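Okay, so chain A shows up in both of these, paired with chain B first and chain C after.
For the complex of A and B:
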C-alpha cells in the first residue's frame, strides 16, 4: 500500500513538473479567478424593481446572492474551454512526444496513469472554480447564498467539468492528437452552448449536457429553470455518462500502442 | 512553493480586479407612470455619485435613497414610499447629479416617483467613488499569505540543502 502511494506520488510529481509546469497552473488559476470576479463585480450588483411588479422586489432581495452567483458563473461558460486544452496538454501530447514510454517505465498500471492525468485536470479546474466562488462570496457579497444553493452549484460545476474532461479524454486516447483533442472539445462546447440558446430545447437535455447552467437557472428560478425532478435525474444521468466515457477511454488506452 | 505561487497569483488577481472593477459604474433605466413608481436595487460598499436624467430631457420626479431591506418591506407590503425612512430624499427635481453618502457595504435602493403622475423614462447611473476596499483588503491578505508560503518553503528547502551538504562534508 505504501509503495503504491509512493508511486502515485512520483506520478503526481511528474505531472506537476511536465503537464502543469510553471506557469500553466498559475495562469489557469489567474484566468478563472479573474473571469469570476469580472462578471460578479461588473454585472452582478444591481436589479430593477417596480410597484407594478412588486414580487420582483421581494424575489430580488431573497435572490440577490443567487443572482450574483449566476452572473459570476456566466464567465465559466467560456472558461470551461480550458478543459479540452488542458486534457490535450496532459493526455494527448505524451502520445505525440513519446513521453508515455517514459511514464510506462514506472511500475504503474495504464489505468492509474490515465486516471491520474484526467483526474488531475478535473480536480485542479473544479477546485480552482470552487475556491473562486468560496473566496469571492465573503469578500463581495452583501447577502450570503443558502448552503443548499451553494452545494448544488458546486456539485454541478464538478459534473460539468468532469463531462468536458471525459469527452476530451476519449477524443485524446482515440485520436492521439493534440489538435484533434482541442478541436473536438471546442466542437462539443459549441454544440452545448447552441443547445442553451435553442428555443424549445428539452430542459432534461440541458441539465445532462450543461449541469452548471441548469443549476444556476434553477437557483434564480429563471425562465429556463428546470423542474427539480429533471434536475435530479439530469445530474445522475450526467454522472453516468462521465463514468461510461471514462471506462471507454480506459479500455481504449489499455489497447493503444504508445 | 507551488502552492505559495498559486495563492500569491490569486491574491494579485483579486487586488487587480478590485482596482479595475471595484468602482465600475452601474447603469439602468426606470419607468414611472400614474401611480406606478419604480427604482433600482444595487449592492454598494462606499459613497456613490448618482446621475439621473429623464430620457426625453424633461419631467419632474422625486428620488429616495433607501436601505434595501427597508425598500423591500415598504414597497412590497405597502406599495407606497410613505412609511419608509429614506437615507436621503430629493423631491420635485428635474435631474440629479450629486454624491450620496452610504453607511457601509449593503443593499441599497434608489426609488423614483412622479409627483405629477406623468410618464417618465429615467436613465440612472451609479458610480462608486472608491475601490472596493473589502475585496482589495481580501486580495492583499491572500497575496501576503502566498508570499509567506513561498518564503517559508524556500527557507525550509535551503535549510534542508545545507543540512545535507553538512552531512556530506562530515562524512568526507
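For the complex of A and C:
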C-alpha cells in the first residue's frame, strides 16, 4: 500500500512537471477568478454603482443576483472551453514530444497514466470552478440556495467538465495530435453551447450535454424548467456517457503504439 | 528458453507495405549485446516491441522469461531504458525528476547515487530544460539505472557526449556487467565503441538478424579476407588495387589507409599490392588482416 502511494505520488509529481508547469495552472486560476471579478464589476457598472449613488445599489439588488449568476454561468461555460486545451497539453502532446515513449518504459500502467492525466484536468478545473460557484451563489442569492442545491450544482459542474474531458481524451488517444484534440474539443463545446440557444431544444438533451447549465436553471427557476425528473435522468445518462467514453479511451490507449 | 535474458521468436511487424521485422528470431544470454544495422534495418522497431511500445503482427518475445505482451509491467520493473532523444519534464530539477522516477520503481536508489554514476552531481539542482545535450544524455543514462535493472537497453548511449564522457559511459557499462551481472543491449552506429564495450553482437538487415554471436568469433568469421593497407598515399593506389583479381571491394579509409576485401590469400595479396606500390612510388607501411567490427559489418551487409 505504501509502495503504491509512493508510486502514485511520484507519478503525480511527474505529471505536474510535464503538463502543469508554470504558467498553465496559474493561468487557469487567474482566468477563472478574474472572469468572476469582471462579471461582478460589469454588473455593478450597469447599475451605476458609485459612492455618490448608494441608493442605486439597493435599487439594483433585486436584479443583481440573476444578472451576476447568468453572466457568471456564461463565464464558467466559457472556462470549460479550457478543458480540451488542457487535455491536448496533457494527453495529446506527449505523443508528439516523445514523453510516452520515455515514460511508458517506466513501471507505470498505461491505465494509471491516462487516468492520472485526464483525472488531473477534471480535478483542477472542476475544483476551481466549483469553488468559484460556491462563492458566487451564496453571494448572489443570500439565504436562497440550500445545501442540496449547491451539491446538485457541484455534481453538475464536475459532470460537465468530465464530459468535455472524456470526449477530448478520446480524440487525443485516437488522433495522437494536439491540434486535432483542441479543434475536436472546441467543436463539441460549440455544438453544446449552440444547443442552449436553440428554440425548443429538448431539456433532457440539454441536461445530458450541459448538466451545469441545466442545474443552474433548475436552481434559478425552481421546479419549472427543466422538470426535476429530466435533471436526475440527464445527470445519470451524462455520467454513463462519461464512463463509456473513458473506457473507450483506455482501451484505445492500451493498444496504442508510441 | 529461460536461460536467455531475451528470447525473440519469429517476430514480424509491418507498417503499411513496409516490413520492418521479417520473422526475426534472437536469443541473448547474459551479456553486453550490440545491435548493429543500417538505418531502417528494424533495430528501433525491435526495441519498441521488446518494450511493449509496439505490438508484433506475429511471433512473440520474452525478457527475463516474461512475455512482453502480457507481463510488460513486471518486465519494466526489472529493466532500464535510454531512448534516442528521450523526453523529460523541462521545468523540473534533475534531482526532483530522478527522485520521482526512483519513486515509480519504489527503488532505494537516490538521485545522488545515480548522478554520481554519470558524473553529474554538480547539476543536481538545475532545471532539465537548461541542460546541454550531453548533460541531458547523462540524465537519460542515470534514469536507466534508477530501478536496479537486470537488463538495460541503451539506444545511442554516447550521442552528444564528449570523448571523455564516452569513455566513462563505456567503462560504466562494462563494470556493471562484470561486477553486478547487468546485461546490456546497445544500439549504436559508432562501431568502434560497440567493439570496445560489447561481448556479443547481432547484425540486422531488412528486419532480420543475419549474423550474431560472440564479438570476437563474429569478427574473425567475417573478416578472413579483409585487409587493411597503411601506405604513404592511398588515392594513388586505390584504382590499381581495385583491378587486382579477386577483389570484391576496395575503398579509401583515409589519406594513408585502404580497406580491401578479396577472395585471395594473404601472401598473394601482399605481393600484388607491393608490386603495384613499387611501380607507383608509393610506400607500403603495413598490410594486415583487418579485424574490426566495422570490417565485419561491411562484410556482412555487402
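As a convention for this text, the second predicted complex is superposed on the first by the 215 of 258 C-alpha atoms of A that agree within 3 Å, B and C clash if a C-alpha of one lies under 4 Å from a C-alpha of the other, contacts with A are read in each partner's own complex, and residues count from 1 in each chain.
The rule is short, and it goes like this: a contact is a pair of C-beta atoms (placed from the backbone, for glycine too) under 8 Å apart; a residue touches a chain by one contact, two chains touch by 3 or more.
As the structure is a prediction and not an experimental result, all values here were calculated from the model.
In the superposition on chain A, A:34 contacts chain B only, with no contact to chain C. Within the superposed three-chain model, A:22 lies in touch with chain B and with chain C [touch as defined at top]. Once chain A of one complex is fitted onto chain A of the other, the partner contacts of A:257 are limited to chain C, with no touch recorded for chain B. Look at A:248: by the touch rule set out above, it reaches neither chain B nor chain C. By the touch criterion defined above, A:13 lies against chain C but remains apart from chain B after alignment on the C-alpha atoms of chain A. Shared-chain residue A:135: touches chain B; no touch with chain C.
Shared-chain residue A:109: touches chain C; no touch with chain B.
The partner of chain A that touches more of its residues, comparing chain B with chain C, is B.
Look at A:101: by the touch rule set out above, it reaches chain C but stays clear of chain B. Residues 22 of chain A lie at the contact with chain B in one complex and at the contact with chain C in the other.
Touching chain B in their complex are the following residues of chain A: 16, 22, 25-26, 29-30, 33-34, 37-38, 41-42, 45-52, 54-55, 57-58, 60-61, 64, 68, 131, 135, 138-143.
Contacts from chain A toward chain C in the complex involve residues 3, 6-7, 9-11, 13-14, 17-18, 21-22, 94, 97-99, 101-109, 255, 257-258. Those residues of chain B that touch chain A in the complex are listed here as 2, 5-6, 9-10, 12-14, 16-18, 21-22, 24, 26, 28-31, 35-45, 68-69, 71-72, 75-76, 79, 105-107, 109, 126, 132, 134-135, 138, 142. Interface of chain C with chain A (complex): residues 48, 51-55, 73, 76-77, 79, 81, 83, 85-92, 96-97, 99-106, 147.
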